[in-house]
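In the two assemblies presented below, subunit A is common to both, partnered first by subunit B and then by subunit C.
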Partner chain A sequence: MATYAEMQQIFDDIRGDFRYDHELNGCLNCGICTATCPSAQFYDYSPREIVQLLWTENVEQIYDAMQEKIWACAQCMTCAARCPFKNSPGGLVAIMREVAIKHEMQSAKDVLRPFGRVMLKLITTGNQLSPDMIQPDHFPDWGPNIQKVEGDLRILRKAIPVKTLQTVETAWEVSLKTSVEMYTIWEMTGVLKSLELMDENLFDVIEDFIDEKREDYEDWLEEQEEEDDE
Partner chain B sequence: MSEQTPGNHNQNGEGAGAGTMKPGYHNTDGQGIAGHGSFFQSTDLSKEDAVKATDWVRKHVDRRTIDLGDRMDDVREHMYELEKDGQIIIHRIEDQHEPISVNTLFGWEKKVPTKQLWHHKSCGQCGNIPGYPTSLLWFMNKFGFEPGKDYLDETDQTSCTAWNYHGSGIGNVESLAAVFLRNFHQSYVSGKQHGHELGHFFPLVHCGTSFGNYKEIRKYLVESAELREKVTKILGKLGRLVDGKLVIPEEIIHYSEWVHVMRNRIASELQTIDVSNIRTTAHVACHYYKMVHEDAVYDPSVLGGNRTAIITSTAQALGAQVIDYSTWYDCCGFGFRHIISEREFTRSFTMDRKIRVAREEANADVMLANDTGCVTTMDKNQWIGKAHNQNFQIPIMAEVQFAALACGADPFKIVQLQWHASPCEDLVEKMGMSWSEAKKTFQEYLKEVEAGNIEYLYNPELAYGGKV
Partner chain C sequence: MQQDTVLVVGGGPAGLAAAANVNSAGYKAVVVEKEDVLGGAPILSGYAKLVPSGEWAKDAIGRMVKRVEDDANSTVHKGAKVEKLEGEAGNFTATLTNGESVQAGAVVLATGFTHFDSINKPEWGFGTYEDVLTTTQMEQMVASGKIACPSDGRVPERVCILLCVGSRDRQIGREWCSKICCTVSANLAMEIKEISPETDVFIYYMDIRTFGLYEDKFYWKSQEEFKTKFVKARIAEVTASGDGRLLVKGEDTLVKRPIVIPFDIVVHAIGMDPNADNPEISQVFGVGLEKHGFLERAEQYTNTCGTTRKGIYSCGAAYGPETIDDSIAQGAAAGGRAVADLHALVQKAG
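And now, the complex of A and B:
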């Protein structure tokens, strides 16, 4: 359990995000956000409650809501489209999630652990999901008819008449140079740091992968120079 | 100062004065009769005059145009100012892009380029529903577009990374902005290696979440000098500035907007199959019209202009039946993180709030969507419904896939329906095509693929910067 000072700091970090004043403009408690919220139908979650807690600066209950509730939001932004005050409860939740990660909240670590596979794919390849991840053994609840033609995945992907899509481990082929540029973005914007706070093992795997790709890129550049010299 | 009572509290208001307002009338500008409550008085207009007056009001007062002054800013105006100040370069939509103008929510004009497009792919579509991009490229070829000149699909792009951000909270505005600017800088310069000028190819965003995310990020970039300063350092390090400036596109364009503006050409020039017997329902992606909603396309001739025209306009142009259902506005249940690690929410929501309703209320032959997550969610989560006696299904696909089918595209080679789990074969059969024959032909083609005889929509070398 955090001290009051820590909870106050968490709230100050939320309030300090430059988007905060965009996303929170007032609240009449009308509840239209909750009425249209998909997550409110299945979870103990109400976007109206999130807005009210922030609006009334209730730092203790904000901290409580950050344990589980904020992770229920589906980020569809229906609440934002509906709010007569032009609030964005979904946008506020996004800020709160970032702050939960910054403060290394255990609840965030627990929630994100099963999402690690996607983060690994995204951070290393710039693609979120790949064909080899969407297979029956990963998604048994999608049923036996997950695909209508059986066969080798590589051949099925090669039957897509677009060159960039004939891939298995990424959704499309991303050039090495592009990937290396993206790694620089991750480093310079603190994304890798966030990842380290959440899952040190995953971070180590990703860091090794990035080092390897950078070496590959350096080798490629050298080859290009040699070819140019010839 | 007179006493403020319901009957006279505005008699000293600006514009009010002797001869312009009778005591007892609530009026702030001294004209006409208005108000509700005890002071209300009937106008005693004749029926004809009442109709005339009401028509006048309808003509002049559109609820989407009122009260915008303080509440809604057009970000593009601020972009033009920043460009004038020499702070950014705007990637313009020019005549060479052959734009078609449409109206957005508040009646603002949005130019949709129809040619010289840089395909900004979607990781969910490419990974899971490849019939999206293939159908789109197929249409461009059908219109005689020349790959490498009229469109470009290349490897130098990442996803927007917003799926991860919305799912996990890992990432931040700065990283999203840097990714946005990096990708769109590449779009701006991509024509050079094919012998064209800067700005030749304009980005066409395939993914709904990318579309919503990029528009939000563009707003933040335009509003925040601090954010611009931070990302300028990053883009500088990447060599992704032009004359030391950030490049921001004039419009963010979603592929379904291209389909929308091309719908009548698709129907009149390319359609070969009558779809008037097909009952369609629409599910428009939340991130298409609920994020930066002022930029979504609306058309008075589609759904009364009360809902975004996207998808429905295409179904109408093709002559299909458009059937409404009560949960039209609902999200699909994707949830970004939920579809991966809290699937019980995703599948329950999509079955209860979308599939069941579209089946029971609309008896739909197909649900048409315009985004990655929506098609995946609604398509893949129907089978598990049987566990709860939800023994109903609906074919799910993008409107561009449905349009391609209506124009005679191969259900497998082009529309790539083999990747869908929902009963798309039922729709194909109802459209008059033989699913089993098409499947047999495709299975024969797979043998050719295995032997290295692959058919392409464009010369593969173009993907790597090769010359035309």
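And now, the complex of A and C:
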């Protein structure tokens, strides 16, 4: 349990985000956001509650909501499309999640752990998901539909009429240049910093991989120059 | 002699009150009404009993129409608009679309409002489902004396009224409260229950604004005597159920859970938009509009009936959402102010 000062600091970080005043104008407590929210149908989550907690600066309950509730939001932003005040409860949740990561909250680590696999795939191949990742025990939420991809993936892949490289390790090829550009973007936008806070081991693996790829790219550029000189 | 004449544009409650006051001061009033009948929104939209008097609109506003039409100092042009205005305070010449020309020393713009068109909130089902109505349509149903679902004529078990349709909604650029819909809806619920005692009425609200003396007479009475249920929730969407009823999706903000409730009729408490003609009115008369699109007041405390142009006055819902009673009071004030200013002008010249 955090001290009051820590919880206050977490709220100050949320409120200090440059998007905060744009996402929160006030609240009439009308409930249209929760009424329209798909997550509220299934989880103990209410966008109106999130907005109210922030609007009333209830730092303890805000901290409490960051343990579990904010991770139920699907970021579909239907709430933002409906709110008569033009608040964005989903946008506020996005800020809260980023602050949860910044403060290395356990809830963030727990929620994000399964995505480490996706992150690794993304960094190494440029694809979030590859066919060989689609396995029944990884996607319980697919229900019986998972049976459809349980066959011989190689053969199923070949049946797709567009170019798929006929492989199951990646969805499509991402060039070295694109990959290196993506690393720069992730670095500059703080994605890699977030990763370091959430999962240091994964970050180390990925950092080594990025260094290697960058070296490859430098080598490739030099080769090109040499070829041009000839 | 134009300095003994006031041109009144609009023949609703405000315009009729302005014309009557001009006449009672011994001046001439020329009323120009774009529709073919006088009486404005209460008559054109077929309102039932008015708030707060409880008198039928056709009787109450009918008296106002008769007072103006019977006055020898009044001239009425129906089915006509002003298309051009030349001159200045004390000496205006208006050209009407019926070819007539009017000389007047002052102009009162009693041009009112336009009802919000519920089509602009498609998620609430108006135009999609037959049993989704507006308050004006429900008023007409009350006036007809029979409460029934338009789709199949059955008597509704449950009717809900959704407040703030086209009001207090930044999503569609309506950042104003339409002022009277809360009271009108509380009243409408009582009227429905009176005609159809087996029908239960629910009102979904963000805030209840039955201001002033409307609190006990409408809000409390509707609950205490007519068992109207007020639920604090803004509805997300209206859909159809398999059995021909309407499903209303909201959050029960008390128990903090999303709910879906069946209804037989859904009524939109539609708000007041600026008159759809206001851009044209602004151009023809050379008057400014405020940020929502209503007419701009000259000054709040010492020239409350004025517009941004000297010699042109306004009143009622042309300035913003307004009750019938206050529109009448403002109309009378604008008529009085116009003749007072004309009188001063003549004295000065004389």
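As a convention for this text, the second predicted complex is superposed on the first by the 184 of 230 C-alpha atoms of A that agree within 3 Å, B and C clash if a C-alpha of one lies under 4 Å from a C-alpha of the other, contacts with A are read in each partner's own complex, and residues count from 1 in each chain.
Keep in mind that, in the parts below, contacts are C-beta pairs under 8 Å (C-beta built on N, C-alpha and C of every residue); 3 or more make two chains touch, one makes a residue touch a chain.
Just so we're clear, the structure is a prediction, and the values are computed from it rather than from any experiment.
In the superposed model, A:T178 lies in contact with subunit B only, and not with subunit C. Of the two partner chains, neither subunit B nor subunit C is touched by A:A2.
Once the two complexes are laid over each other on the shared chain, residue contacts for A:A81 go to subunit B and to subunit C alike.
When subunit B and subunit C are set side by side, the one touching more residues of subunit A is B.
By the document's definition of touching, of the two partners only subunit B reaches A:G190; subunit C does not. Once the two complexes are laid over each other on the shared chain, residue contacts for A:V205 go to neither subunit B nor subunit C. In the superposed pair of complexes, A:A40 makes contact with subunit C only, with no contact to subunit B. Judged by the document's definition of touching, subunit A residues 36, 41, 81, 86 lie at the interface with subunit B and also at the interface with subunit C.
The touching residues of subunit A, counted against subunit C in their complex, run 25, 28-37, 40-41, 46, 48-49, 81-86. Residues of subunit C that touch subunit A in their complex: 123, 164, 168-171, 206-207, 232-237, 249-253, 256-259. Touching subunit B in their complex are the following residues of subunit A: 18-19, 36, 38-39, 41-43, 71, 74-78, 80-81, 86, 94, 97-98, 100-101, 108, 111-112, 114-115, 117-119, 122, 126-131, 133-134, 139, 141-149, 151, 155-156, 158-166, 170-175, 177-179, 181-182, 184-186, 188-191, 194-195, 198. On the subunit B side of its complex with subunit A, the touching residues are 71, 121-128, 130, 133-134, 137, 153-159, 161, 163-175, 178-179, 182, 186, 212, 220, 224, 226-227, 233-234, 237-238, 240, 286-287, 289-291, 293, 329-331, 333-338, 340-341, 343, 345, 347-349, 353, 380-384, 412-414, 416-421, 424-425, 439, 442-443, 445-446, 449-450, 454-458, 460, 462-464.
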